[in-house]
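A, B and C are the chain letters, set down in written order, and residue numbers restart from 1 in every chain.
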Amino acid sequence: MVDLSGWWDDYFWGAITVLRVFGVSLILMVVFGLIGASAKLSKSRIAHKIAGAYTVAFRGTPELLVLLLFYYGSAVTLTGISKIFFPETQFVDIPPFWSGSLAIGMIVGSYATETFRGAFLGVDPGHVEAARALGISNVQTFFHVRIPQMWRLALPGFGNHMLSLMKDTALISIIGLEEILFVAEMATAVTFKPFLMYMIVALIYLSITTIITLVVMILEKYANRHLEGAR
Amino acid sequence: MTANNQEPIIILKDVCKSFGDFQALHNINLEVNKGERIVVCGPSGSGKSTMIRCINRLEEHDSGTIIVSGRKLTDTMKDIDAVRSEVGMVFQNFNLFPHLTVVKNLILALKLVRKMKKAQAHEIGMGFLKRVRIPEQADKYPSQLSGGQQQRVAIARALCMNPEVMLFDEPTSALDPEMISEVLDVMIDLANDGLTMICVTHEMGFARSVADSIVFMDHGEIVEMKPPKEFFENPESDRTKLFLSQILTH
Amino acid sequence: MNLEFDLILESIPRMLTGIGVTLQLLVLAAVLGLVLGVILLLMRISGRRYLSFPAFIYAYFFRGTPILVQIFVIYHGFPQFEFIRDSVFWVILREPFSCATLALTLNSAAYVSEILRGGYLGVERGLHEAGMALGLKKHHRFFYVTTPIAIRLAIPAYSNEFISMLKATSLASTITLLDMTGVARTIVAQTFAPYEIFISTAVIYLVITTIFQRGFGMFEKRMSRYIRQ
């Protein structure tokens, strides 16, 4: 471990970058997932079709490809537009951090669409009927009856999505984001110990995924606490 | 190794069993002779199922002795499978193997345990299928049969192994009312043919007509054990009286 | 933005080679991964800690780290060790294709073992008990009762894993392999036409995915013919 002299810092900051990407794409994933789920649950046929196309496209395409498409595609377009106004521009891109986060947010969002939709449909209709029969309004029923049950049902799937998201962040190094995998590449050129450098990356990811898994387990226990006594 | 005709085929002596803090069986003492028909009844949680599941060691008793066909059930038993093949069991939820046809369900154990050839096993299987009155269902899958039919197949499956004693764990509790009698009729038939059986059930009519003894259990203990006439007309314990009043007034 | 369709047409031959590499990688890794996955499963459910614990740790590691990192550890990392460079395996481990296959195999095995385990846990307890009550020995119960049902239960999850593996093959392009994604990247680097090339490549992946999904669907239907519809 002494061999890491000087590289600890870089790994640390790289890990922070990973966490920042995770945070941003997590929000995007939830947004896209909710929009997708509502589209699929709505009465509009167009909404269904668009949401359907979205899920099929993003679930059937390799993540790397989507990432490359978003990044290079937007770069080519932006550079083209920019050259019209400023002929000297060499290269304009959407920074890897943002195009990358958007890409993986949308990808995992397509899986989250199913999870959220399933959670919504999984709410016992009897409970909703009982609430309405008591005179509770639609909106109130949504917040006080549906949502408490939905998040309990969505939790396991959501936990898996978070893990996917975390692991997908590694791909963004391919388009140049300076996070831990990138650090490992640089470090290897200097230390000539690629195995060690990459294993550190693996272990950092492993620690983060472990934390996520533990947090989800605790949340699941909390969400299911009212079911524990049942024989 | 078979018991001689004088020895009870099943002996339970001071048997206790706990699940964690909950004691399911308190000092159970019971003897069942060959040819006897015992019905076990009692409220939920009284330990009825636990007791019979200890007899074929689907549950392991904590203390006391259980002897089945002259063999003592212990922790280190090597031939538990052999003992189990002598004790037939019918489950509340039938537990038919869903991926096998009816006839394959019947002969699986014959082929694997008794090492019979397919043709011979098939004959025996069809014989018992006729006995339970549904030979035409032989090549169907369990999911295509009604509950009553499935349970009858389950009975036939257990009978194929020619067990010395049959255990029934609430065989009709999961059935729709109109199918209960077809299963009970089969069981009455078997009883009349001399099958030794221990049956956990709520069907008091069945108990009255078939049982040699009725065992009433409550809170993990055997409270009373009497022939049907005395049991229904002259119960000793207050707990028995309470139970009878609860189930017989509707 | 005008899409140049001639560009797509010109690139087709190279894309076809790419498809070949992708499918080779996929099938090889899937088969080997399945075999290893079954072994891991047996270790995991063996009931003996010295077997189940390593299997658990293995799955934990490979499911908790990104595939890309796993690929890099093998391709870039292994050459660090002299004993590997000197060994008989070096011929294999030097090649990007084998490294990618190895990484995908190891990764897939971890997921497959968990999927199969899910299948086994999903078999109702009552069926085990029925087998026991009939006096069937443990290995008989395992082969004739539990396994057929577990396999059917595992099919949906396995088909998802298979599709994931298809997508994971694209990562091999990061270690110079010319699979579909690798070919696409090369063409884009030469032509600066990311939209045409990447989108058409994506379409090919989608077509292949759909074909496999239909295939698994039909397989599942066949295995489920005894279930009440």
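Rule of thumb we're sticking to: a residue touches a chain if its C-beta (ideal position, glycine included) is under 8 Å from a C-beta of that chain, and two chains touch if they have at least 3 such contacts.
Just so it is clear, the model here is predicted, and its values are computed rather than measured.
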| item | value |
| --- | --- |
| Chain-level touch network, classified as line, ring, star, complete or other | line |
| Chain whose averaged C-alpha position falls nearest the assembly-wide average | C |
| CA centroid of subunit B to CA centroid of subunit C, Å | 47 |
| Between subunit C and subunit A, distance of the C-alpha-averaged centres to the nearest whole Å | 22 |
| Computed distance of Cα centres, subunit B from subunit A, in Å | 54 |
| Multi-partner residues of subunit B (at least 2 other chains) | none |
| Of all residues in subunit A, the ones touching two or more other chains | none |
| Subunit C residues touching subunit A - in the complex, by the definition given at the top | 1, 60-61, 64-70, 72-73, 76-81, 163, 166-171, 173-174, 181, 184-185, 188, 192-195, 198-199, 201-202, 205-206, 209-210 |
| Residue ranges of subunit A touching subunit C (in the complex, touch as defined) | 56-57, 59-66, 68-69, 72-73, 75-77, 80, 163, 167-171, 173-174, 181, 184, 188, 192-199, 201-202, 205-206, 209-210, 213 |
| Subunit B - residues contacting subunit C, complex | 56, 58, 81-89, 91, 93, 95-99, 108-109, 112-113, 141-144, 154, 157-158, 161 |
| In the complex with subunit B, residue positions of subunit C that touch it | 124, 126-127, 129-137, 140, 144-145, 148-149, 152, 225-228 |
